[in-house]
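A, B, C and D are the chain letters, set down in written order, and residue numbers restart from 1 in every chain.
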Amino acid sequence: MNWLQELFTGAPGTPPSAVWGTWVAGLLTLAIYSFLYKDNPVYRFAESLFVGVGAAYWLAILYHNTLVPKLFVPLFFPPEGQPVLWYRVFPGVLAAFMLLRFFPKLSWLSRWSLGFVVGMYAAVNTTGFAQGDLVAQIHATVTTPLTSGGGLVIALNAAAIVGVIATLIYFFFSKEHRGPVGAAARLGIWFLMVAFGASFGYTVMGRVSLLIGRMTFLLRDWLHLMQ
Amino acid sequence: MRREIPLAITFLAGMFMLVDFFVPHHRVSAAGEELKQWGTIVIAASILLGIGNLIRVHSKKIARRQSGWGFSLVCLSVMAVMLWFGMWPGAKLGPNPLVGSIAQGSYFNWMYLNMDVPLQGTMFSLLAFFIASAAYRAFRLRSPEASLLLISAIVVMLGRVPLGQLLTKGLPEKATLPWLTEAIMTYPNMAAFRGILMGAALGVMAMGLRIILGIERSYLGGEK
Amino acid sequence: MRALLPALSLSVSVLLALFPPAGRAADAPLSEVVRETAAPAAVTGLQARDYLDNNDRGDKIELSWCLSADDGAGALSVLEYRVWRSQAPDEQGELVATLEPGTAAHVDTGVTPGVAYYYRVEAFDGALSSPAATAGPAVGRINLFQTSRLPVLVLSLAFFAMVIWFTRLAARGTNLFVRRIPGLNAVEEAVGRATEMGRPVLYVPGIGEIDDIQTIASLTILSHVAKIAAEYETPLIVPTARSVVMSAAEEVVKEAYAEAGHPDNYNPDNIRYLSDAQFAFAGAVSGIMMRERPAANLYLGAFWAESLLFAETGFETKAIQVAGTANVSQLPFFVTACDYTLLGEELYAASAYLSREPKLLGGLKGSDWMKVITICIIVAGVVLTALGVPQFGRWFFTQ
Amino acid sequence: MAGFDLRQIDRRVIFTLIFVVVAWPLLRPMRLPMDVTPPVQRLYEAVEAVPPGSIVMLAGDYSPDTMPELQPMVISFVRHAFRRDLKIVTTSLWANSPPLIEDALAPLAAEFGKTYGVDFVNLGYMAGGTVTLLGMGASIPNTFPQDYYGTPVAGLPLMREVTNFDDIALVMNVSSGTPGTREWVQQVQGRYRVRLASGTTAVAAPPFYPYVQSGQLVGLLGGLKGAAEYEMLVDAPGDAVRGMDAQSIVHALIVFFILLGNVAYFAERRAQRARGGAAQREVTA
């Protein structure tokens, strides 16, 4: 049985660790799918494994890729010919404060670090959204081409401008939705519903794709049933 | 003081980043650059916080023998093993260490690719099944709005895959499902999301303002 | 690859110089053969000036010149241009760039702002350099404001002013009008229906953390729902996915029962922490729906993929369902499976409407009037562009 | 309704059906024809327009859960870039990405004879999200002082050519959430004038169409279909193209389910109305 042999040794030249790995991955995949029948201990085992592996991965990569190059190397092991970045002590202290959350007596100090991070993020988000999602979108709407591209495209472009305005009016809360405002809001909801429909279609597509990915793994990489 | 200092830090960090956005002066940029490097370090610590919390919750469960403590034990043990593989400092043995390294070919990498990857991937692929079931049992043309939504959804679902191309083959281009789908995406979908984007931007900006000015303090936690 | 090309062309030109192809040697005037040993022609018209952009840090100087006459012409081609920078007019200075043939401009990015520099550019043919063209002094001008970002500043300041203004008005007790969100009526009807049927109400505040603004908005609405439930004496079940959210929900519901005058009816067992894991939580909530058969299911807050499972199971048990979330990708499922859905911002508006908290009202009113301004700008811009005045619209270009 | 009630079908029957319908076309491919949509075409052309020898950035912000959709995009982009002699610098704001990117880079580097450190560099993961993006705007080597393996960037020849986004001809962001394409648009594209292309999950794609219309994104790959079209354009059909048959059939099945479910729903409502029962009955049933 060629196929059976391949199942346990992999394609010619596959290292044993890869074959092992595929088996582990295949069995874990089935363990998760067992949830479709009903919640069961095998699923819960796989789920706990998932949490543990995920956390360990995150911690290790955070250490190797962020803390070492950004904090430990500049402070303690500067590359030859480069000075110690002594001022990295400050973020180091703030990072340590953050971890004081675990000690109720000192947890108030973690607010310093939190304040730093939250303040920075707040400002960065404010300018980012203002430039990228407000001003840039206003600019793009105002400069929508309305003179070229043929009758249908011009009509659709004009409709899109109307759609933007109608959507904004739908989310206007300082006036009852009656009269002309109500009519515009009504138009807005139609645009929203068509957009949500598109979202719906795309979300279905995405979820199905993930299943196709796992099935490709099961049928090809593990069971060697696909060409 | 336990509140004033954090609020002052928030204000200063926030205001500086705002200035950094508008003022290209090289001294501002230089200071801004270092501050951003600090940001990554402190944020890294906040991620550690989450992982620490996880360890705490599961150890408590094990210590108190709460229901399902065995699963907590599984979680913590596998975590310890993987951390040993990934971070053991004394293990820089050769050019391609298997332990203490995260590089390709290490034990750590093996665990990631063969355990974390399939588990994460499979977890979310469950949703394809749930969507199919909900499509049959819950998605209803219950109102004109929902009907419009579902019609648009059906057009997009068929028009975005090769099947839709096949179904309307031979029709004039502007009546084919792929064309209709692209038109929906490019015009009404774009317009509605642009409106949503602008509204959401205002929400974020208002929140940012409140945080920097210290009006919004909920992130600092409850006690005074 | 890129390193190979010059080397290749160098060897070709050396070969050509040593063994000129027969036809060419015969045709070529003598002068050209002699020029092989001479340096290439110098570049002309070298100019150095501050990088024409008001938004840089002042660390850039822009150079431009006309190509050497020998660039790309004949066998004596220029192999590279060399750019030298110094702080004195007659010094050779530091080599700052070597550029490929055909290049007639360069931006020097390594300068100290505010310092005067002199530049020399030479054409080099592999053996000899042309006489240097010189230019300078040029200064990288220090900029104090990113002029291209002016629209961002103007609109942000206008918006911030309105937010602060409305917040202060609200704090002083001025009655700011916010229309009632129809979704709230649906929520109240649903609770009423559950009371009529003698079955509990289920309220899921999402699976977001406590610092998620959606969760905070949801807790405001929860307080409102709890008051009605307390008045009607209908059990209210609140499953949560985060332990901190659970404690917050406990506080909120307890307080609401006290305010409604029924503190004794508060049942702490109904506020439950189920699981942090997404699908485990979804499974457990579905279990509650099947077993305890709530007649009204309210899903308000931050939801992700689990939205689908809730909506489906709730539909099965024939409960009245009202949902609301700002996570746009989940809205379609709620709209098609629930009786009423609060879309995006409506969730925040509902919480501002109910709580009348000045900071929320101020943000909401400020956003509202900013939307009016936005609409005005769009209309004005489109009309002006159509009338042949595109400058207004272009002003909003910030890149 | 007397007799067989459509609504009583067990979920597990539907689950089994989905399972079969996905597996069948994978085992017996039909190769349905496929056209390329404008956002994908534009992305392809944007990469084609980058002069050979330039440096492009592959920013991978995704995790294994969305790998089936996004990994084919990463593979196709790397193939496209290597084929056009572009150098690749990869970065990640998501901890989960670097090994996945590595998985795509290694075989393709071998295929095209590219050298690590000279033709491509994997800078690995950096915490900080949006703040990290701004740090890169100021200085990429200071933001990523070491690569994924801990080698200082000063020791990598390619990184000597990179200071900040001025040296990057194009950024391809492959993202499945936050931080991701939206943050790249907000913080990098406008602020540092970067040519930005994006490949996202299908779930995330519809809200990005305003960015495509405005030109903030030079192109967009949405979900597995976008990935499949890109695979066709770079002339290397892979997992995405292979998945399209199954995708088609499952979509048809789900549309069928929606229609069938609604027929049952309206039939039931009509029956109730005929019996004189109001909506009240429906709830107490």
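Worth a mention:
Here, a residue touches a chain if its C-beta (ideal position, glycine included) is under 8 Å from a C-beta of that chain, and two chains touch if they have at least 3 such contacts.
A quick note: this is a predicted structure, and the numbers were derived from the prediction, not measured.
Put simply, the chain farthest from chain C by mean CA position is D. When the interfaces C-D and A-C are ranked by how many C-beta pairs touch across them, A-C comes first. Here the CA centre of chain C is 18 Å from the CA centre of chain D. In this assembly, the C-alpha centroid of chain B lies 14 Å from the C-alpha centroid of chain C. Multi-chain contact residues of chain D (touching two or more other chains) are listed as 15, 18, 22, 65-68, 96, 126-128, 131, 134, 148, 189-191, 203, 206-207, 210, 213, 223, 225, 247, 250-251, 254. Among all residues of chain A, those that touch two or more other chains are 35-36, 44, 47, 51, 57-58, 61-62, 64, 66, 70, 120, 124-127, 129-131, 133-134, 136-141, 144, 160-161, 164-165, 168, 171, 192-193, 195-200, 202-205, 207-208, 210-211, 213-214. Under the contact definition stated at the top, the residues of chain C that touch 2 or more other chains are 149, 152, 156, 279, 328-329, 332-333, 335-336, 344-345, 371, 374, 398-399. Listing the residues of chain A that touch chain B in their complex gives 17, 20-22, 24-26, 28-29, 32-33, 35-36, 44-64, 66-67, 70-71, 87-88, 90-92, 94-96, 98-99, 101-102, 108, 111-120, 122-127, 129-130, 133-134, 137-138, 140-141, 152, 156-157, 159-168, 170-171, 188-205, 207-208, 210-211, 213-214, 217.
Those residues of chain C whose C-beta lies close enough to touch chain B in the complex are 55-59, 113, 142-146, 149, 152-153, 156, 159-160, 163-164, 167, 211, 213, 216, 276, 279, 305, 308-309, 311-312, 315-316, 326, 328, 332-333, 335-337, 339, 344-345, 348, 359, 362-363, 366-367, 370-371, 374.
Taken in their complex, chain A has these residues touching chain C: 35, 39, 44, 47, 51, 126-127, 130-131, 134-136, 138-139, 141-144, 146, 161, 164-165, 168-169, 171-177, 192-193, 196-197, 199-200, 203. Those residues of chain D lying in contact with chain C across their complex are 52-53, 85, 163, 166, 189-190, 193, 203-204, 207, 282-285. Taken in their complex, chain C has these residues touching chain A: 149, 151-152, 155-156, 177-179, 181, 277, 279-280, 283, 328-329, 331-333, 335-336, 343-346, 349, 353, 364-365, 368-369, 371-372, 374-375, 377-379, 381-382, 385-386, 390, 392-394, 396-399.
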